[in-house]
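Here chain A shows up in two complexes: once beside chain B, once beside chain C.
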Partner chain A sequence: MLKILKYSFMDLMRSRWSYVYFFFYLVLGFVLFFLNSDVTKAVITLMNVIIVLTPLIGTIFGVMYFYSSREFTELLLAQPLKRKTIFAGQYLGVSLSLSMSLVVGVGIPFVIYGIFGSAAIWDFSTLLLVGAFLTFIFVALSFNLALAFKDRIKGFGFSILMWLFMAVIYDGLFLLSMMIFDDYPLDKLALGATLFNPIDLSRILILLKLDISALLGYTGAVFKNFFGTGLGLLLSLIMLSVWVLIPGALMLRQAEKKDF
Partner chain B sequence: MIEVRKLNKSYGPVDVLKGIDITFDRGEITAILGPNGSGKTTLIKSILGMVIPNSGEILLDEQNVLGSWRYRDKISYVPQIANFPGNLKVAELIRMIRDIRPGAMNHEKLIDLLKLQPFLDKKLVALSGGTRQKVNLVLAFMFDAPLIVLDEPTAGLDPVALILLKQMIAGEKAKGKTILITTHIMNLVEEIADKVVFLLDGLIYFHGTVAELREKTGEGNLEKAIAAILRDSYA
Partner chain C sequence: MKIEKLLIIGLLLASSLSAASRTVGAEEALTSIGEAMKVSAPGDTIFIQPGTYREETIYIDKPLVIIGRDYPVIDGMNKGYILEVRSDSVTVKGLMLINVQKSYTKAYSAIHVYGSKNFVIEDNKLRNSFFGILIERSKEGLIRGNRVIGNAVTEQSSGNGIHAWHSDRLTISDNHVEGMRDGIYLEFVNKSEIVGNLSRNNVRYGLHFMFSNDDRYLQNRFENNGAGVAVMFSKRIDMRQNEFALNWGSASYGLLLKEILEGEIVDNTFHRNTIGISADGASKITFSHNNFDNNGWAIRFHGACYDNDITKNNFRHNALDISYKGPINGNVFDQNYWSEYAGYDLDKNNVGDVPYRPVKLFSYVVNKTPETIILLRSLFVDIINFSEKVSPIMTPDNLKDNRPLMKPVEIDDRS
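Moving on, here comes the complex of A and B:
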C-alpha cells in the first residue's frame, strides 16, 4: 500500500493544481498578515476560509483524481495487488498531498510572522488539524461518489452537490427548522444535527478551542453548554474520526465489488 | 491451466456472459474471437479479477481464483486501451511497475527490441497510440508469467512492430506458456493460434482448431468462415 501511496502522492505533487492550491494558501496567509498583524484574528479569518474551502478542494480533487487515474487503476488491478491496497493507497495519496499543501502553504506565513512565539500556536495547530480532517473526509466522500457513477459528469455533479449541501444548504435547512419549530425545545436536535455535518462540527471544534462565545452561534452554544469545552473538543474530534473511517470503509467495500 | 466453469456476468439487465464453460491448456495459444459486444473482454477481465462475475468459477492450476489476488502474479496482461498516468515518463512508469511487482527481468531487452530508447524520457501523454502500445507490451512481457493475456494487442502497431509482436508471442509459446489473445485480425489468428474460441452473445459458439472451424463452416478462408457464422447468427 505504501508504494501505491507513494506513486499517487508523487503523481499529485507534480500536478499543476497542487501548486495552485499551495500558492493560494501561501498568498492567503501573507495577505491576512498584511491586513492585520494579530495572529489570533488571522486564525479566525483563516478558519472561515479553511472550513469552506478544504471540503470543496477535497471534493473536486478527489473526483478529478479518481476519474483521471482510471487507467492507472486498471493497470494496477491487473497486478498481484489487493483491491483494498490499491484504493486505500490512492485515497491516502490524494488526502495526504492535499493536506500537505494546506499545512505547508498556510504554515510558512504563520511561521514567518512568529506563530511559534505566540499564544495562538495551539489554536493554529487545531485549525490545521481540522483542515486535514476535512480534506480526508471529503476526499473519501468524493471517492465514494466517483465509484458509484461511471459517468464523470454525474460524479462531478453529485460531488459538488454534496459539498453544497454540507457547506450551505444544511445550515439553511437547520435555521429554517429552528424558525418553524420555535416553540419546541430543540437543543437535542441541534446537537444531533451538528454531529451529522463535518463542516459544522469542525467550526464548533475550532471555536471551542478559540473560546470565542460570540461566534459560536446557536449550535455551538448548545454544544458548549451540554458538553463543556474539554468534553466537547474530545467528542468533536472523535466524531471527525468517525467521519473519516465510515466513508473510507464504505469506499473500500464499494471498490471490492466494482467491475473495471 | 485455466478452467472456467459456468461463468455468468450481467451488467444491469444485459447478460454478457451466459454460462461459459471452457478450459485453456498449457502451452497453447488460444484466439478468442467474436463480434463486438460478444463478451471477449468481459471473459478476459473476469479471469484477471477486474470484473466480478455473478456466478461460476475460475480455476488456475486447480485453484479457485475468484476473490483472491496473489494468482495475478502468474499473469501478464496487455489491456485493450493503452492509457497511462500522463504525468509520468516512460522510464518512470516501467520503474514503477517493477517496483510494485517484483520479478521483472527482461525489460531492457524488450526496450531495445521495440526501439523505445528515444522515448524513455518522454511523458506518456506525448506518445502516439502505437508507441504507447509498445510500452504496454514491455510492461506485460517483462514478467516471466506462465499465462499471458493479450486484449487487442495489435491496435496501432506498425508492420515492423507487428512482426516483433508475433516473434515475442512465438518465443513465449516456446517456453511452454499459455497465451490468450483477442483480435479482429484473422491473419494473425491463422498464423499463430493453436485453438480458436468463438463467442457469440455470451455463449461459446465454437472451440477447436482453426482447421476444424474451416471444416465446420465449409469455408476455406478463416475470415469468410467467421463471416459465415455471423451471417447465420444475424439471420
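Moving on, here comes the complex of A and C:
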C-alpha cells in the first residue's frame, strides 16, 4: 500500500494542478497580508475561503484523478495485489498531496508574517487541521461517486451536486426548518444538524475559536458550552474522523465488490 | 464712605483669620481625624499628614476643607461609611480611602454626601470600597479626578463607583472607575455633566442613567464593561465624543437606549462591541457623525422606535449594520457612509446614485429566529443576502439610505 501511496503522491506532486493549487494558496496568503497585516483578520478571511474551497477542490480533484488514472488502476488490478491496498493507497496519495498543498501554501506566508509570535496560532492550526479534514472527507466522497459511475459526466455531475448539497443546500434546508419550527426550542436541533454536515461543523469550530462567537448570543452560548469545552472539541474531531472513516470504508467495500 | 469700606475690609480679614488651619498627623497635636472634626470651626482647613489612620465613620457636619498630603490612608476597618458629609461647602481632596464594609442591605460607601450644596470631591483614591462615592439629595457638586478601583465579581456583592441619587447640577469629570458594579450610576439626577471619565472593566455598566433628564456626557471612554452605557427612562440626554469600545460578550452592547426621548448622539465612536447601539423604545433621537466600526451589529432597533434621525454616520466593517423590527415608523436613514455599499457615483458628487439597504435578509431572519445566527458566514447566507440585495422581497421596502456617501464623513472625535 505504501508503494502505491508513494506512487500516487509523487505522480500528483509532479502534476501541474498541484502546483496551481499550491500557488493559489500561497498568493492568497500573501495578498491577505498585503491588504491587511493583522494576523487574526487574515485567519477570518482565510476561513471563508477554506470552508468553501477545500471541499470543492477535494471533490473535483478526487473525481478527476480517479478517472484519469483508471487505466493504471486496471493495470494494477491485474497484479497480485489486494484491492484494498490499491484504492487505499490512491486515496491517501490524493488526499495527502492536496492537504500538503494547502498546509504549505497557506503556511509559508503566515510563517513569514509571524504566526508563531501571534496569539492566533491556535486558531490558525485549527483552520489548517479542519482544512485537511475537509480534503480527506471530500476526496473519499468523490472516490465513492467515481467508483459508482463509469460514465465520467455522471460522476462529475453527482460530485458537484454533492458538494453543492453540503455547502449550500443543506444550510438552506437547515435555515428553512429552523424558521418553520421556531416555536420550539431549536438549539439542540441546531447542534445536531451541524454535526451531520462536515462543512457546517468546521465553520462552527472555527467561528467559536474566533471572538466573533459573542455575536451568536444565546445559541452561541449553547454551542460554546458544547464545542468550547475539551469534550466538545474532542467530539467534533471524532465526528470529523467518522466523516473520513465511513466514506473511506464504503469506498473500499465498493472497490472490493465492483466488477472492473 | 471711607470708614465703611475700611470696616468691611476689617470684618473680612477678621472672618478669614478666624478660619484656622489645623494639621492632623502622628507627630501633631491632633492624631485622629475624628478628633479634628470635633475641635474645628466652620470654614477651617484641615491638613492631613502622610500616614495611616484607622477611623470609624467620620462625620463632617460643618463647612470644612480637608486636604491630604501625599495621599494619607484612611482605613475604615470595614465598619460602615468612612466619610459622612452632611454640610454644604465641604471640600475633600487628596485622600486614600480603603476598606468599606460590604452589605446586602445598606449602600456603605467611602464618601457619602447627603443633603449638601457646593461640595468638592477631588483627587482621591478609593480601594476596596463597597460603593465608592455616594451622593444623595445634593446640588452643585464637583467630583473630579478620583480613582475608584475595586475587584467586583458579581452584581449582587458589589457597589457602584460613583452613585448619585436625587441630585441636580453635578459635575463628574476626569474620574477613573474600574472593577465596580456600575462605573457611574445616576438616578433622578438632572442637569448634570459627565466629562472625560474613564470607566472600564466594570461588572455591569460603565455609565448608567435612570430617570435622569437634561444631562450631558461627553469625551468619556467606556471599555470592556458588562455593557458600555445604559440610558433608561430619561429625556434630553446629550451624548458627544464618547468612545465605546470592546464591550464584547453574548449579551453586551456599547450603548443601550431604553425608553428615551429626544436625545442627541453625536461624534461618538463605537468600536468592536457586540452591539454598538441597542435601541428599545427610543424616539426622536438624532444619531449623527458617529463612527461604527467592527461591531457585530452597529445598531439594533427593537420595537417602538419612532422618528429617529440617522444621518451622516460611518458604518465600517460591521458583521451586520442594522437590525430592524417592524415598520419604518418615521425613522430616517440619510447620507451615511456604508463600507459595504457597492453602488456607483456617476456625477462625482460624493453621493451614491443607487440607494443602500442597510438591513440584510439574514439580519431580518435572525431577528425572527435568533437560532439561525449559527449560519453566519456560510455560503448559503451570502447567496441569499446577495439575491435580496438585488431584488428586495422580505426586508422593509422603504428602509433605505437614498443618499449613501461614497467617502466617510469627517468626524470630530477625540482622537
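Please note the rule applied: the second predicted complex is superposed on the first by the 245 of 260 C-alpha atoms of A that agree within 3 Å, B and C clash if a C-alpha of one lies under 4 Å from a C-alpha of the other, contacts with A are read in each partner's own complex, and residues count from 1 in each chain.
The criterion applied here is as follows: a contact is a pair of C-beta atoms (placed from the backbone, for glycine too) under 8 Å apart; a residue touches a chain by one contact, two chains touch by 3 or more.
All values derive from a computational prediction rather than experimental measurement.
Participant: Can A:167 be said to touch chain B (first), chain C (second), both, or neither?
Facilitator: After superposition on chain A, A:167 lies in contact with chain C alone.
Participant: Who does A:79 touch here: chain B (first), chain C (second), both, or neither?
Facilitator: first
Participant: Using the superposition on chain A described above, determine whether A:178 touches chain B (first), chain C (second), both, or neither.
Facilitator: In the superposition, A:178 touches chain C alone.
Participant: For A:69, using the defined touch cut-off, is the partner it touches chain B, chain C, both, or neither? Pick first, second, both or neither.
Facilitator: Touch partner of A:69: chain B, not chain C.
Participant: Once chain A of both complexes is superposed, is A:203 in touch with chain B (first), chain C (second), both, or neither?
Facilitator: A:203 contacts chain C only, not chain B.
Participant: Taking the superposition as given, does A:260 touch the first partner, chain B, the second, chain C, both, or neither?
Facilitator: Touch status of A:260: first partner only.
Participant: Is it chain B or chain C that touches the larger share of residues in chain A?
Facilitator: So, of the two partners, C touches more residues of chain A.
Participant: Could you list, by residue number, the parts of chain B that touch chain A in their complex?
Facilitator: 11, 45, 48-52, 69-73, 75, 77, 79, 81, 83-85, 87-88, 96-97, 99-101, 139
Participant: Write out the stretch or stretches of chain C touching chain A in their complex.
Facilitator: Its residues touching chain A are 248-252, 274, 296-297, 319, 365, 368-381, 383-384.
Participant: Which residues of chain A touch chain C in the complex?
Facilitator: 47-48, 51-52, 167-169, 171-172, 174-175, 178-179, 182, 186-187, 190, 194, 199-200, 203-204, 207, 211-212, 214-221, 223
Participant: Where on chain A does chain B make contact in their complex?
Facilitator: 3-4, 7, 11, 14-15, 69, 71-72, 74-83, 257-260
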